[in-house]
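Structure provided below as structure tokens; questions to follow.
Lettered A, B and C in written order, each chain numbered from 1.
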Amino acid sequence: MSLQICDLHARIADREILRGISLEIRLGQTHAIMGPNGSGKSTLAKVISGHPDYEVTQGSVLLDGVPLLEREPDERARMGVFLAFQYPCEIPGVSIANFLRAAAQARLPEGESLSVTDFYQKLYREMDALGMQRNFSSRPLNAGFSGGEKKRAEILQMAMLRPRYGILDETDSGLDIDALKVVANGVNRLRGPEVGFLIITHYQRLLDYITPDFVHVMVEGRIVQSGGPELALELERHGYGSLEERYGSSKLSPLAETGTQG
Amino acid sequence: MAEEQGIAGEDLLQLDRSAGDFHYDVKYAYDAGVGLSEETVDYICDAKNDPTWLRDFRKRALEIFLREPLPTHWASEQLAEIDFSQIRYYLAHGQRAGRSWDEVPEEVKRTFERLGVPEQERKFLAGVEAQFDSEAAYSNMKEALRAQGVIFVGSTEGLHKHPELFRKWFGKVIPPGDNKFAALNSAVFSGGSFIYVPPGVKVSHPLQAYFRINAESFGQFERTLIIADEGSEVTYMEGCTAPRFDTATLHSAVVELVALPGAKIQYITVQNWSPNVFNLVTKRGMAMENAEVRWIDCNIGSRLTMKYPAVILRGRKARGEVLSIALANSGQHQDTGAKMIHLADETTSNIIAKSISIGEGRSSYRGMVRIPNHLKGCKNNTECDALLINTSSRTDTYPAITLRGNRSAVQHEASVSKISAEQIFYMRQRGLPESEAMSLSVNGFVNDLVREFPMEYSVELKRLIDLEMEGSVG
Amino acid sequence: MDLPKRVITEVARGESKPARLPAWWKELQDAAWADYERLPMPNRKDERWRFTDLNKIAVNGCTVGTPISGDAFASLQKLFLPGKAAAFLFANDSLLFSRPLSPEARERGVIFAPLLDAAVGSADLVKSYLFEERVALGAEKLESLHRACATAGAFLYVPRGIELKEPLELSFWLTEANAATFPHLLVILEENAHARLHLRFGSTNPKGGFACSVEELFLGAGAKLDLFTHRKWAEGVCSFDLASIRLSRDAASTTFQLNLGGSYTRTESRSRLLGPGAQSVMLSATLARDREEFDQRSFQEHAAPRTKSDLLYKSALYGSSRTIFAGMIDVDPQAQQTDAYQSNRNLILSPEAEANSLPGLEILANDVRCTHGSTIGQVDPEELFYCLQRGIPLETAQRLFVLGFLTDVVDRIEDEEAKSAMVEELECSLR
């Protein structure tokens, strides 16, 4: 059982951003992808979840052996892919609770309806665990939330929807250390043999709290180096500079000419 | 790009309107025939046993109607498609409404049962009037209210049994010459409610009227007059449906509200006429000192709706409010809005209008706010927001604001937007199908207004919005 | 309503205008006169004249070509300030003073000439653009009258890629109570050409007169035009100003008007965003006093994708003045990704003043950002009290607020020189 990415190439408009990514995340494993800005990390997350702006030009993604790429974004989500967004979007007028109910209902077989009491019990349990006030769930989703609140709401949703594979796209960006701990604890609570994680981050900081099994370094749309947690520490010490030199700096890259950001 | 794929839609006409789209063959005891003339008016007067003053009133109104041109210099050209000579102006079973559902003729009763009216009555209403074509088939109110002196009857019964109250206000808030359609209603009106709430009486549960058109090529012209005496409170709700016919059906009501000092009237409408109905309605309330009139209006059905609920703020510190939701699908034009006429110091008014245009639907907001000279401390706030779902959807905003003098303030803000593609993707990533994501967004857009409706209605509204959204995603 | 007779008489200082008029132009005039006589008078049933006090549109036999007195000539001479900028000054439709373009500009093909000269010297160009556009926001009858009578005015042509550094100046004056003027401005900016124009309307006499001006502005791809209008007619003047701008791909225009004086002033402004990426900024600051009426109509026409328009009209009202703002944002089905804004703000300072606002939208495309806002209000009594408590007299305090309120529009102008001139003018008017 795994999320298997094979030679994945993708582009937006005419710019190629992913240039052959291969990676397998087995259930129970936590992988981290690190890399400089513009290396294509966020693109990978969006392509796996089916963002319509990106076009896959080559390669495949299999979820527990089932091809993912021809599915609609909501089908992929129901198959078990959860993306915690780097910039969660505001949905005015729709409360967190109602939104999650709709999402939970969508996961039930046709004709079956959600037990409202079970739902709220579960919701409040998860909120308590994340140290959230109960009335938070009646606020419109992400509307007027602080950066930390948005990220916490993402983790709450992940906890409620229990994905098989969770992808965290720079969930640590813009968080202070306390908020970061809350988010990390939320993720650690979900870790187990039935779930795989892909953590995308620019900094090693988050990995102090969520220890990955594997660390991959991405530069210019390719994974250039893989290793254990020690690789993250090494990167922290030496920076991305040496890697960029070795694997194609952005100055030499054809992407640089168009001023692209991945 | 992606957004186009996501939101552009072709298949927009497959709406489920089945809820109201049925009709039974009914034998009518009274039928004024097709077309409109003085004889039609006489037929109605005779059938209803109108007093002479009312016969004269109707005939004067008919003259105005025949004389006045259609307001197509500002309104939709579609009005010209109404053939007034092909409409049936009066169709009735009998003159007396049943006090219990057992007294209601079988087909009529079946109709209202199918629409859930008796069930709602049991659950949460203080009184119900159910109008079938020209006359009420059922009219009843909780005994406790009758004991408090509340009157809730049909307009005919009102004018016969309570002439002193009825004549004092009838046609005063909206005179027949107000506009062509108010004149038409004044000439041939039948049905609608007459409500009087005595001083200090607070009617805690809503009174409801249900308007049903059953016959083809028919015009429904109900007339409602609500008088809330000093310090009283009342909420009135109306719902309407009709089966879908190929020919045009006309609904042209006049609703007059009078809130005496300190009174509060809340008037709630959920309009879901079938898409062949021309819905041309004049609604106006008068608010005396410290009184409050609120119009909560939701327009989902009809082919063309023209409706601009108004409040005349006649007494000091009177308050007026219009909350409006309009949903226009392909083939529909929701031309709605609000009017606030300030005539006393420290009067305040608030208008919030939200519209959604789907497919080739068109929604328009027309507003008028007037604060004349020498008034002080008056305030109006207007917000109109329009949401456009498909590339071929249309919205217009035509407000007119006049303020004289430096002791009052008016503020108007409006915006037009669409559902963002990022928002839809976000929701789909959480596993919601695209259509559901769209519905959720739309419901979120109107959520703050839907909350103003009673619980039972807001659930219904949400369901109706979901139905309308179906098929809007291509 | 009594409109001026179509009299094109001898010009004050010698030459006869009709004699210089080319035949093709004469034909246009005759056709326009027929239109003028055929078109109906403005009436209140017409939505485009809603709220207008039609009684104020009266001109009592004003005529074109009224002679200019010696005194008026002398005062205008003083107003024609020395400077580098190419400039024309007209009074009662006669050209009194001019300063030509720099030789460099002329060498590069720029033309800035009186319209009558251009009609001969650049006949083909003028012929193909003159009276091409109709503003059509209600005053069609007056626009026809203008076409039948206009001879005064200027023609500006800037060839491809030329960016004029110095602003051009153009002013039109009335000197007599029975004088009429029909100023015309025709601007053609070719691809990527830039120009800046200062337009001024005013009176030397204390009372009366009639004006009907038309501006036709054509902007090629990437062209940029700034047009600053300073209008200060004498009491009793009834005036119309009809402006239309056509913008091609990526063209950008900023128009600013400062409105003072007159008894009835109607401005109609149409921005036609016809090419993708075109942008139009429309600004107006109005100081309305006594029984003055300012009747402003605008139209933001988005006919191409990714176009942007931004309108801000502000008015401060004293006395028993009236203002009307009727704006429309029109977004065509093909104009996706339109960004349109329309804002009308009114500050009322007297119990008798009246502001009317009709901010309209007609949107036929869905991927748009359109907002409009309209407010009519007073000086915040708390703020006023604060000033009074500091010992500032009421009138001074009000003046401060009004100045701040209107300067906010002026601040949107990028041209520092024009900005400070406008602020100075406002300060003077408020004194």
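Everything that follows uses one rule, which is that a contact is a pair of C-beta atoms (placed from the backbone, for glycine too) under 8 Å apart; a residue touches a chain by one contact, two chains touch by 3 or more.
All values derive from a computational prediction rather than experimental measurement.
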| remark: Skipping chain B, the chains still linked by touching group as A | C
| query | Which chain maximises the distance between its CA centroid and that of chain A? | reply | C
| Is the C-beta contact count larger for B-C or for A-B? | B-C
| query | Where the centres are mean C-alpha positions, what is the separation of chain A from chain C, in Å? | reply | 56
| task | Express in whole angstrom the distance between the two chain centres, defined as the mean CA positions of chain B and chain C. | result | 45
| Chain centre separation in whole Å, for chain B relative to chain A (CA means) | 49
| In chain B, which residues are in touch with two or more of the other chains? | 3
| Which residue numbers or ranges of chain A touch two or more of the other chains? | none
| note | So, in the complex, the side of chain B touching chain A is made of residues 1-3, 5-6, 420-423, 425-434, 436-437, 440-441, 443-448
| message | Under the definition above, what is the set of chain A residues touching chain B in their complex? | response | 49-53, 72-74, 76-78, 81-83, 85, 88-94, 99, 102-103, 106-107, 140, 157, 161
| said: Touching residues of chain C toward chain B in the complex: what are they? | reply: 45-47, 50-51, 333, 336, 346, 348-379
| Touching residues (chain side chain B, partner chain C) in the complex | 3, 7, 73-74, 373-374, 386, 388-418
